[in-house]
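Right, I'll just put the structure down here and ask away after.
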Amino acid sequence: MIKVGIVGGTGYTGVELLRLLARHPQVELRAITSRKEAGMPVADMFPNLRGRVKLAFSTPEEAGLERCDVVFFATPNGVAMQQTRALLDTGVKVIDLAADFRIKDVAEWQKWYKMEHACPDLVAEAVYGLPEINRERIRGARLIANPGCYPTAVQLGFLPLLEAGVVDAGFLIADAKSGVSGAGRKAEVATLFAEAADNFKAYAVAGHRHWPEIRQGLESFAGKAVGFTFVPHLTPLIRGIHATLYAKASADIDLQALFEKRYAGEPFVDVLPAGAHPETRSVRGANVCRIAVHRPQGSDSVVVLSVIDNLVKGAAGQAVQNMNILFELAEDTALADVGMLP
Amino acid sequence: MIKVGIVGGTGYTGVELLRLLARHPQVELRAITSRKEAGMPVADMFPNLRGRVKLAFSTPEEAGLERCDVVFFATPNGVAMQQTRALLDTGVKVIDLAADFRIKDVAEWQKWYKMEHACPDLVAEAVYGLPEINRERIRGARLIANPGCYPTAVQLGFLPLLEAGVVDAGFLIADAKSGVSGAGRKAEVATLFAEAADNFKAYAVAGHRHWPEIRQGLESFAGKAVGFTFVPHLTPLIRGIHATLYAKASADIDLQALFEKRYAGEPFVDVLPAGAHPETRSVRGANVCRIAVHRPQGSDSVVVLSVIDNLVKGAAGQAVQNMNILFELAEDTALADVGMLP
Amino acid sequence: MIKVGIVGGTGYTGVELLRLLARHPQVELRAITSRKEAGMPVADMFPNLRGRVKLAFSTPEEAGLERCDVVFFATPNGVAMQQTRALLDTGVKVIDLAADFRIKDVAEWQKWYKMEHACPDLVAEAVYGLPEINRERIRGARLIANPGCYPTAVQLGFLPLLEAGVVDAGFLIADAKSGVSGAGRKAEVATLFAEAADNFKAYAVAGHRHWPEIRQGLESFAGKAVGFTFVPHLTPLIRGIHATLYAKASADIDLQALFEKRYAGEPFVDVLPAGAHPETRSVRGANVCRIAVHRPQGSDSVVVLSVIDNLVKGAAGQAVQNMNILFELAEDTALADVGMLP
Amino acid sequence: MIKVGIVGGTGYTGVELLRLLARHPQVELRAITSRKEAGMPVADMFPNLRGRVKLAFSTPEEAGLERCDVVFFATPNGVAMQQTRALLDTGVKVIDLAADFRIKDVAEWQKWYKMEHACPDLVAEAVYGLPEINRERIRGARLIANPGCYPTAVQLGFLPLLEAGVVDAGFLIADAKSGVSGAGRKAEVATLFAEAADNFKAYAVAGHRHWPEIRQGLESFAGKAVGFTFVPHLTPLIRGIHATLYAKASADIDLQALFEKRYAGEPFVDVLPAGAHPETRSVRGANVCRIAVHRPQGSDSVVVLSVIDNLVKGAAGQAVQNMNILFELAEDTALADVGMLP
């Protein structure tokens, strides 16, 4: 059994990790920390876990994380980088669901996250946990930077096009729509039901923290600098991201075949038939990215539609996938949920 | 392996059966029928099943249902009663998710369902599939009448009170609220998004078909006639039923202890601590009924709050639970999903 | 022109007052106060008001409320009682949308609101602003206690029954469902979109502050003590209250005629035809209470369905109605909006 | 008083026309036709209209449309073109809310709408009812082609850029999101609540009927052929369209000033301050298009955000605006509603 600890389990990625890990046959949940809620049974905060998760929140000091095999950080940005070195030093593997280790350019990270990085050397060591590009490197890693939700959907959509060099990398557009759980379980007026229901809006058009993360990926796929515009929107879903990607074709190839071939062996990327439109609900609760590629009306525009559940393939599910790879388990262990429709 | 057939799989209870059975380790899905959609892969209609269910819809003639071990009817009312006898005669077990075999008084059934019953003798034989009251009889049955969604939530809420005889059975009220999937996957104006979203209404106050089904149960629990008022409401949920039950206390006992004792051994009924309020989302996708009992401000009113997912414990999940009991499997096989929250 | 001031305009009742008053032909908006947001144009917080309301928030000191003809308090409980006497003394009329002056029994109020009342004498003077029972007294009042949202829907539903004495006043039940805006525009986890969407729950079954307010009204209608159970629920609507009321008939009269006669002259109460089910969306944005009365299946149960928009007839609209009565304007001035459907 | 008739009032644009016209001080509603519902009071179908609209549906034969001053067609495509000539011949003005007269190229229209056009000469005469470009021509028209919902939001967003020639007209992208009422009040599975709630998807990427309508407008603004990609999405709103527009800057000018100047005199286009993000709810129920223009991070991408209520500025409100212009009334008569927020 893999001994698992979770730091910061009072948010949505925390409860989603627990939902998935509660049924993982190789996992023993050892601790979940929250200084504020220490002593409260987890199932008192998240009643869906009643009868399934017995743990109570504990303080970091009592948690015994150093005796775990792997620790997940489901914390705000800036927490994992303070605690990771000590854990690695005692032989614990670390999977950070926040952004601390995602961006290799530490100066860029510091600019966007507005804090000084505590351990730039670990940024260099960390493996970006997108299995579809880094599976082999994940296998031997000590420290995984679990990708952001938008970055997962957008990178998987652009990946085949940029690797193949069949679009103009100088003018890439991602128009992305996220459900409200993406904003986290924080008390804020802007994400109240009476504010976010029956409402649709763009936000952070001037610059979103996922922009440099995505650009880093796109540039590595393309092997050169890219021009990339990213506009996120808030839509009245609980869960789900729909990324609509636009590029200008620079070669006339069979895009459907390109995507199918690229993702042929991938257990968690599903390329839909030509002409299809993926729906976010088809992946609700499931660790899947569904993708369709279009070339509308014979124009030179390429349109890619990419959907994930932001809390699963966009966060907790992908983290468990990374853990499965790390510990050489079947990659889909505890990730076989069928999407919940309706 | 249990060979399973499903008649009428194009509705919400059908897709939910498939979601659950796709992961059942003892089940081999053999056929799913739809005359209208014959030939279409099920996953083309329900994209959440892509990669998980390979079956295509078949006509009833081609389906080979008579070679199955059990057949689920996920059909409109009046279909199962036409086909059940032939299946039973060839040794196939039948679980009907519709209402054909739920009400023992055939004349009453005919009045509410406005058709003649095709096989009153099978009504007499059928076992009402509420495991919490009929587990032993289900075990040996050939034909299970799977309870309605409202009836499951309401009966489980009143059961301990009426068995114990601690409320006035002459004035029982169930104020029930259902998500829109309860109306089925039928093209109707009243359940369009633009009609049902941001809207709340009662319906069928003059009389709902679940009223006689519930009353039949309540009278069997109480051992006498009851006075029962049932008001269903449509609320903008996809899934979920919340039943709020009212009765007048006729004895002064510890209601919390009464409920906890009655459901102590039940795997799928969860009595919440005193003072709690169950939420529908805590059972979203899970085969659980969560119940809380209150006695507000020392009055003589008893208030019971009972929640289920109408498609799971209220339909497909309970049907799988009944199948597990029928075939002497662990009762929670394929029913271990944790509720999806958020 | 009536010079109007609003204290505390950053919540939902505040913006709703502005939406209605912006189009009131006899009103001159003079000031809206918020110490925290002083200086910010109201339309920067509430973009629906762009181009329609020019005011900026001001501090209470700068607002010049004492030079207004009427001041609305759209504040948390306990604020209006601190400022009302000074305003009344300078001849300003006061309409309090909070609870400070609603309950005549000051001890009872103090128990439920957990603070000491600042001016019990003004509680005695205040007129409870439910025009359907108090129109004449409102006309000459200095101080109006605008009713709560649940109390408006519940009292208007029970009023004809209790006045006529045709139900058992000893066992009255109100099962009420509210949209999430009823919880106000406060940053709280429980009312986040990702918590409240696709979810339904009861709350405060042990005791809600609107219970004593409603009971006070019911007892005045009945002319005696009543037994009253109140269970509020949170439902995923932005706006809307649906109250389902239950009572036991004690006389056999024509309920439809009773309700139609009672509300014959009322501009803002609409009794639906026999057999109807009012929908909350039919009153979305409109200052109307729609009511239907049922006697299901000839039983002795009376069921009343009563719907309002909690922010209009349940708050700001009723406050404007009270203002219109106070200043002897046509009662429907600025209140002629048709409900927004869909 | 202007005598008004409505053909086909059982859909969402029909009820929205009634909501607006019921309060129009210069309008006398004379008839609303529906062969199927003839005889039924309109308020029985749309309970928000109770007490405000007394009309019943009538057959076209009984309606006396030829005695009206203006007739609105709120019908499916292909109906207005059958009846318009007769009305025009008797001196009645016609405003068609469907697509029959929107596209000047009749062959193109026939290709997209898959029927033969009944009166190509009237297409030539019809004035496209987007007041912001055609106000003077509307004034003297007999026949108005009221724009589609997507076309209104997209054209108003691109208009200043293309008129000024400051973007590359060869690669224009509109990523548009619509609420579900845009699909109309038709019984269809795809727009059921349980299908469309908590779900997001693109549709018709291969080609949508609004594409040629929008392209026609964009080409007239640009004075040349354009390359235009249009991807519509369905989002769980009742009302609202959010269009996110992308173009490549070809000149370095002050975009904020450009937009503010272009729309300076327009009563129903609101250019937000630099950096803003319009929300659909800010225009809920209001006849306004709110627009913001961005140039993210100094790139050469121009991003325009444009929101409308699809039933108001995108349909019925704009139709009333056109009627006001036609009859030389104040353009905002009956269109002064403030957006309903929350």
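Quick notes
Chains here go by letter, A, B, C and D, matching the order in which they are written, and residues are numbered from 1 within each.
Everything that follows uses one rule, which is that contacts are C-beta pairs under 8 Å (C-beta built on N, C-alpha and C of every residue); 3 or more make two chains touch, one makes a residue touch a chain.
Because the structure is predicted, anything quoted here is derived from the model rather than measured.
Common neighbours of subunit C and subunit D (chains touching each): A, B.
The rotation relating subunit A to subunit D, fitted on Cα atoms, amounts to 180°, rounded to the nearest 5. Relative to the C-alpha centre of subunit C, the farthest chain centre belongs to A. With each centre defined as the average position of its C-alpha atoms, the distance from subunit B to subunit C rounds to 39 Å.
Rounded to whole angstrom, the centroid-to-centroid distance between subunit B and subunit D, based on C-alpha atoms, equals 45 Å. For subunit D, the set of residues that touch two or more other chains comprises 12, 179, 181, 185, 194-195, 197-198, 236, 238-239, 278-279, 281, 284, 342.
Subunit D makes touch with subunit C in their complex at residues 12, 15, 19, 22-23, 46-52, 181, 185, 197-198, 238-239, 270, 272, 278-279, 281-286, 290, 311, 336-342.
The part of subunit A that touches subunit C in the complex is made up of residues 12, 179-181, 183, 185-189, 191-198, 236, 238. Only residues 171, 173, 175, 177, 179, 194-195, 198-203, 205-207, 211, 227, 229-231, 233, 235-240, 242, 244, 246, 248, 275, 277-281, 284, 294, 296-297, 299-301, 303, 305, 307, 342 of subunit D touch subunit A when the two sit together in their complex.
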